[in-house]
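Across the two complexes that follow, chain A remains constant while its partner is chain B and subsequently chain C.
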Partner chain A sequence: MSLRSALTLRRGGHRLHWTDVASYAYLALGVVLMFGPVLWLGLSSFKTQAALLEFPPSLLPTSQKQVSVPGFDTPLPLFSVTMDDGSTRVLAQVRRVGLQAQMVDPADPGKTIRVALDKRTPLRETAFAFSNYTEPLRQFDFLLYLKNSLFVTIVATLITLLINSMAAYALSIYQFPGRNVAMVGIISTLMIPITIILVPVYLVITWFGLVNSLWAVILPGAATPTGVFLLRQYMLTLPRDLIEAARMDKASEWQIYARIVLPLTLPALAVLAIFSVMWRWNEFLWPLAVLSKSQSYTLQIGLNAFQGELQTQWNYLLAMTVVTMLPITLVFVFLQRFIVAGIANTGVK
Partner chain B sequence: MAQLALKAVTKTFGPLQVIHGIDLDVRDGEFVVFVGPSGCGKSTLLRLIAGLEQPSSGQIVIDGQDVTRVPASDRGLAMVFQSYALYPHMSVYKNMAFGLENMGLPRAEVELRVTRAAATLRLTDYLDRKPKALSGGQRQRVAIGRAIVRDPKIFLFDEPLSNLDAELRVAMRKEIASLHAAISGTIIYVTHDQVEAMTLASRIVVLRAGRIEQVGAPLDLYNRPDNLFVATFIGSPRMNAISAQVVAIDGGDAALAFAEGQTLLLGNPGGRLAAGDAVTIGIRPEHCDVVDTGAVDLAVRIDLAEQLGGETFFYCSAPGIAELTVQESGQLLRARGDTLKLRFRRDHLHLFDANGQALAHGAAAAIAS
Partner chain C sequence: MRQSDAARRTTRPDPWAAAVRLLDLPMRAVQRLIGERRMPYVFLLPNVVFFALFVFVPLGISFWFSFTGGSALFPSQRPYVGLQQYGYLFDCGSVLDPSSCREDHFWRGVHNTAFFVVVQVTLMVLFSLVTALVLNRPIRGRAFFRAVYFFPVLLSPVVVALIWKWILQRDGLLNAAITTLGGQKIIFFIDPSWAMFWAIFVSIWAHMGFYTLILLAGLQAIPGDLYEAAEMDGTRPLRALLRITLPLLWPNMIVVIVLALIRGVQTFDEVFVLTGGGPGTATLMIVQYIYETAFANQSQNFGLASAASIVLGVVLFVLTLAQLAFNRKRDAT
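For the complex of A and B:
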């Protein structure tokens, strides 16, 4: 189906029914709600600090036009000026003195013209401040933070997949008394917010001497109840005959796990991998607690450095936020079909 | 190749006992079929032998070795599952090689065995395919191939043909029979289909509610069933069971009243019958002859006639007899509502007591009347 026909789909026949209008209006609202902030972020990341603080805000990044005039060292800002005789001229401002501005005509820089402030309006143009992206890359240790973030995300996701799938295997393939109690116990930990266990977990991490190590970020969250639950529900749908056929085929439990169950759980593992990558990449509170040296910062913590107590460098913060969003967006774009397939398969077959 | 012995094996699931003390010996190279209605415990018994379930008590002995507590993977048996249980992510080759790899065989040996089994089962062209690209019969052959490459002590088949259509089932039945002839392995085969049991087995074990009803060669079970259950379970269409009562004993003869006013005069088997005893007369549909003249045992009304060309089935009823099936070879053109005059072949009459135990089979019970 082409994009055009997809966007002009109607209910039933060819006439526009009121439900079509309502559906499209509702969907449009959804697009604005979901995509608006992202668009705003993307455009704002190209604004200068001054343009960001301007009121009223503009959607597109704009800045005042400037012109180089012979006889002046720096480029001068351009204004549209209404002259006393009613005509309009484009003049460059040299300086402001009280309620008057001294201006020159860029074509005739020798002659200074005095203009009242309220007679001039700035000339604006669309300008992308790419320096928002290039500057921080030079000043801010972006590559180090990126490396730390990648390490945490990849290693933590691998450990999460391994631990969760082994727990799920035990809780789905084996029949033992207390199996459901164990599962409920694991699920119920979802009810405990991280803020409650922040301090005790921090103490454990300190006791292991892991503060400021990336392992302090990786290990505590490696086993996730959501992951165990997701994988277990999926594994429960695997035919028991397969496991028993493997047992008859002299396979050890490890072989059944690695060669039969894991390959067949791939859709659910993909879903969990995507979730884990998103959680880990965006994780903020816990890394902020255990990482205090800038060598071990992850990107999210590094970004926090732009936010000072007195001044926030919004332009850099926004630009780097866009950069950190890109990898996760790409992961999602390429793997989202697994999410749909995996979640659809987790339930009833 | 191996012998198997079950000694007083029981199995309990929670409060429910599904296997009640089974004793059985399976000889080397025998094709034993467990047959019974669903829920009779035949699959559970197979899983106990396989080691997929632990017996609650009793012993399982293979080749003189007690394997009751040996895990399934170490018993050296191979099983073909009803669902085939092929590994969906592996090719046909990998499916068959998996067990051999787990046995630690060298690669060349694995390849040799798999290609040989594939040739036997006509799967050579499909070795690279995944199971979902195969037809039902091919999947079934892969499942069997997976078992034979392992060269197991005993083959276990759990209703292997029940997912196939009727035509394929007949073809696969022949293949399994010729396979048994070729590899001469010990096979234990579970089915609820008595035709499979009759055609494949060297011995049939009839199970009901976790107990063995009778063990024997197919025709022994057919000709001399120990009880009414085996008599009606083996044979298709099933044996007619007619309730009767002993009305008089006259020397060596017993007069049986049945079907509101009919009488049958038979020899009193071993003098065990007394006047007033309730008995059941068993007569197979093919042993009810349709006669026009002479002595008639029973006249019935046809409720349904099935013309199969080669043979004809009549589903009939008579006063006091709800259903009676008659099988005639050839084509006998009678319609619903017609009356059939029947004569029971005396040498094929079976007599069962009130508890369903056999009193007499065939000629021994028959005298002229």
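For the complex of A and C:
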């Protein structure tokens, strides 16, 4: 194992060294620890309420088989029972009495058989409870929260792209008095996160009469120093001749921005769009402060309110957590390259 | 067929082009009015208005609020009380003992946040460094492993907290593992130490991928011939790590540490959803104190919340200055 391949990414291509084994072991542990919990959430979200209450929990969404037996109102749970003579039979349990269970043969429900509890094992079947997903969307307001989240994410991202690209255009293409002041002013807002101006932003939103409106969530974060910075860096690399040529052709400054500069800035706009979607979809503290009526909850706030209720309905909660996670997961799967490049270039997320 | 395709292409409405044309009329008029050279101000205007309304004006109001009392939201109805709010915040027998303070929750928040930040940042930077070093080795499937570590970064704090709440609950996966190994069930969130442990664990889990990515980018920027030269001199790998890799990675480490500190001081979301600040006030952070003082309590004490915000702001300001100083030093060398 050469030193170079031990410390850099170049492949040595020799036998496995103990450091290789250690590396793969570390990474395998990482996969279990980082991805396992998400997988567990996904599997659990398909379990029925009864299966979720089982302890210890089963890995896959399984539940005990049940059978309707004539003469009994509710379906009875099925067990595989070892009889005294050593044979096994499939019996349905009527009730438990002390250390014994009263069971019946589904084919012959007239006769009650007494079985010791430790002689029976539950019969299991895989059962996906898709109702975990459909019920909360119908019974509770999750469909509304989903719509609110989509509205906030889409509208906020469009506004963010528009106003930040306009500012970046001004700051990259033109030389004008006050340019540096504007740059410093915009960059300095990086130092003022929402956590320290929570109350006064709430006041400004109240002034506009927007409390409990989705616009209260959309507007405050629309102008972002990260966005201006990212787009400006990209626009600075555009060839100036194009712009001069357009000006010769009597294009207005607005046309130069909208028809020439913006289309050329698409890669940077895509990165900002992905960031903005992530920020907006996941935003929590500010919506929590400004949205107090449940009609205007976003998914994050709705989910938090739902989990805070006294009787946590885990089956619905887990499914809705998956729904909340899904769009970001799709963004990640398809656009990971852009996200990684964006973070490496700007050092923000 | 071909013709109709072509026809559709020419007549298909392009909303962007239409919007551009629509907006071109007023923008052209503005340009004629103020001249081409003043147009950048027009392009800058929307952003400046947003920053003014939602950052700079609020920052000013925040200072003003911290010198006023009462429970009214509008500044004109709030009486000036001077330094009273700050007086309340710092009215302490000893700042080391929150229960001796008038605003004991604020100081609990300060203590919890300080402990949280020190432990979380240390461990997270350490794990990120190890992970980045491992990912920088000649391993197969690096893109996959990098993605696995990075994925939780994108999840919302609510989702992160719920994933772990589900695993850590009384009858959850972890307790199943513990009982299988012969242990007793632990109810984690009624024990202050366990609650803090999991708050730190979960926030490391959620954020370390981000810092790993930055450190990995730094590692990949280290020129390979340095290692070649070291190898020719017969340098051992460990020595190369200590003498080449870590010194050259140091600037990135500083960035990562300061960024993690700035984020850590503002910790709220995951911990709030995971523990609610409890049990009692065991995991209550400063930002939760600010949020609850302003919005969740009956009193709606905006003045006190603003004063606490300003104190937090000063801490963040100092951290940011430290970052800028380090950046300048790095750029100079």
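Everything below uses one rule, namely that the second predicted complex is superposed on the first by the 261 of 349 C-alpha atoms of A that agree within 3 Å, B and C clash if a C-alpha of one lies under 4 Å from a C-alpha of the other, contacts with A are read in each partner's own complex, and residues count from 1 in each chain.
The rule is short, and it goes like this: a residue touches a chain if its C-beta (ideal position, glycine included) is under 8 Å from a C-beta of that chain, and two chains touch if they have at least 3 such contacts.
Remember, it's a predicted structure, so these values are computed and weren't measured experimentally.
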{"item": "Dominant contact partner of chain A by residue count, chain C or chain B", "value": "C"}
{"item": "Partner chain in contact with A:P239 - chain B first, chain C second, else both or neither", "value": "first"}
{"item": "Touching partner for A:M325 - first (chain B), second (chain C), both, neither", "value": "second"}
{"item": "First (chain B), second (chain C), both or neither touched by A:R259", "value": "both"}
{"item": "Partner chain(s) touched by A:K250 [first = chain B, second = chain C, both, neither]", "value": "first"}
{"item": "Chain B versus chain C as contact partner of A:R114, first or second or both or neither", "value": "neither"}
{"item": "Touching partner for A:F35 - first (chain B), second (chain C), both, neither", "value": "second"}
{"item": "First (chain B), second (chain C), both or neither touched by A:R138", "value": "neither"}
{"item": "Which superposed partner A:W314 touches (first chain B, second chain C, both, neither)", "value": "second"}
{"item": "Chain B/chain C common contact set on chain A", "value": "252, 255, 259"}
{"item": "Interface residues, chain B side, partner chain A - complex", "value": "50-52, 71-74, 77-79, 81-83, 85-89, 98-99, 102-103, 146, 150"}
{"item": "Touching residues on chain C, where the partner in the complex is chain A", "value": "16, 20, 23-24, 27-28, 31, 36-41, 43-44, 46-48, 50-51, 53-62, 65, 73-75, 130-131, 134-139, 142, 145-159, 162-167, 171-173, 175-176, 179-180, 205, 209-210, 213-214, 217, 220, 222, 224, 227-228, 230-231, 235-237, 240-241, 244-245, 255, 259, 266, 268-269, 273, 276, 287, 290-291, 294-295, 302, 305-306, 309-310, 312-313, 316-317, 320"}
{"item": "Chain A to chain B touching residues, read off their complex", "value": "239, 241-242, 244-252, 255, 259-260, 263-264"}
{"item": "Chain A - residues contacting chain C, complex", "value": "2-12, 19-20, 23-24, 26-27, 30-31, 33-35, 37-38, 40-41, 44, 53, 55-57, 162-164, 166-167, 169-171, 173-174, 176, 178-179, 182, 185-186, 189-193, 195-204, 206, 219-223, 228, 252-255, 257-259, 278, 281-282, 284-285, 288-289, 300, 303-304, 307-308, 314, 317-318, 321, 324-325, 328-329, 331-332, 336, 339-340, 343-344, 347, 349"}
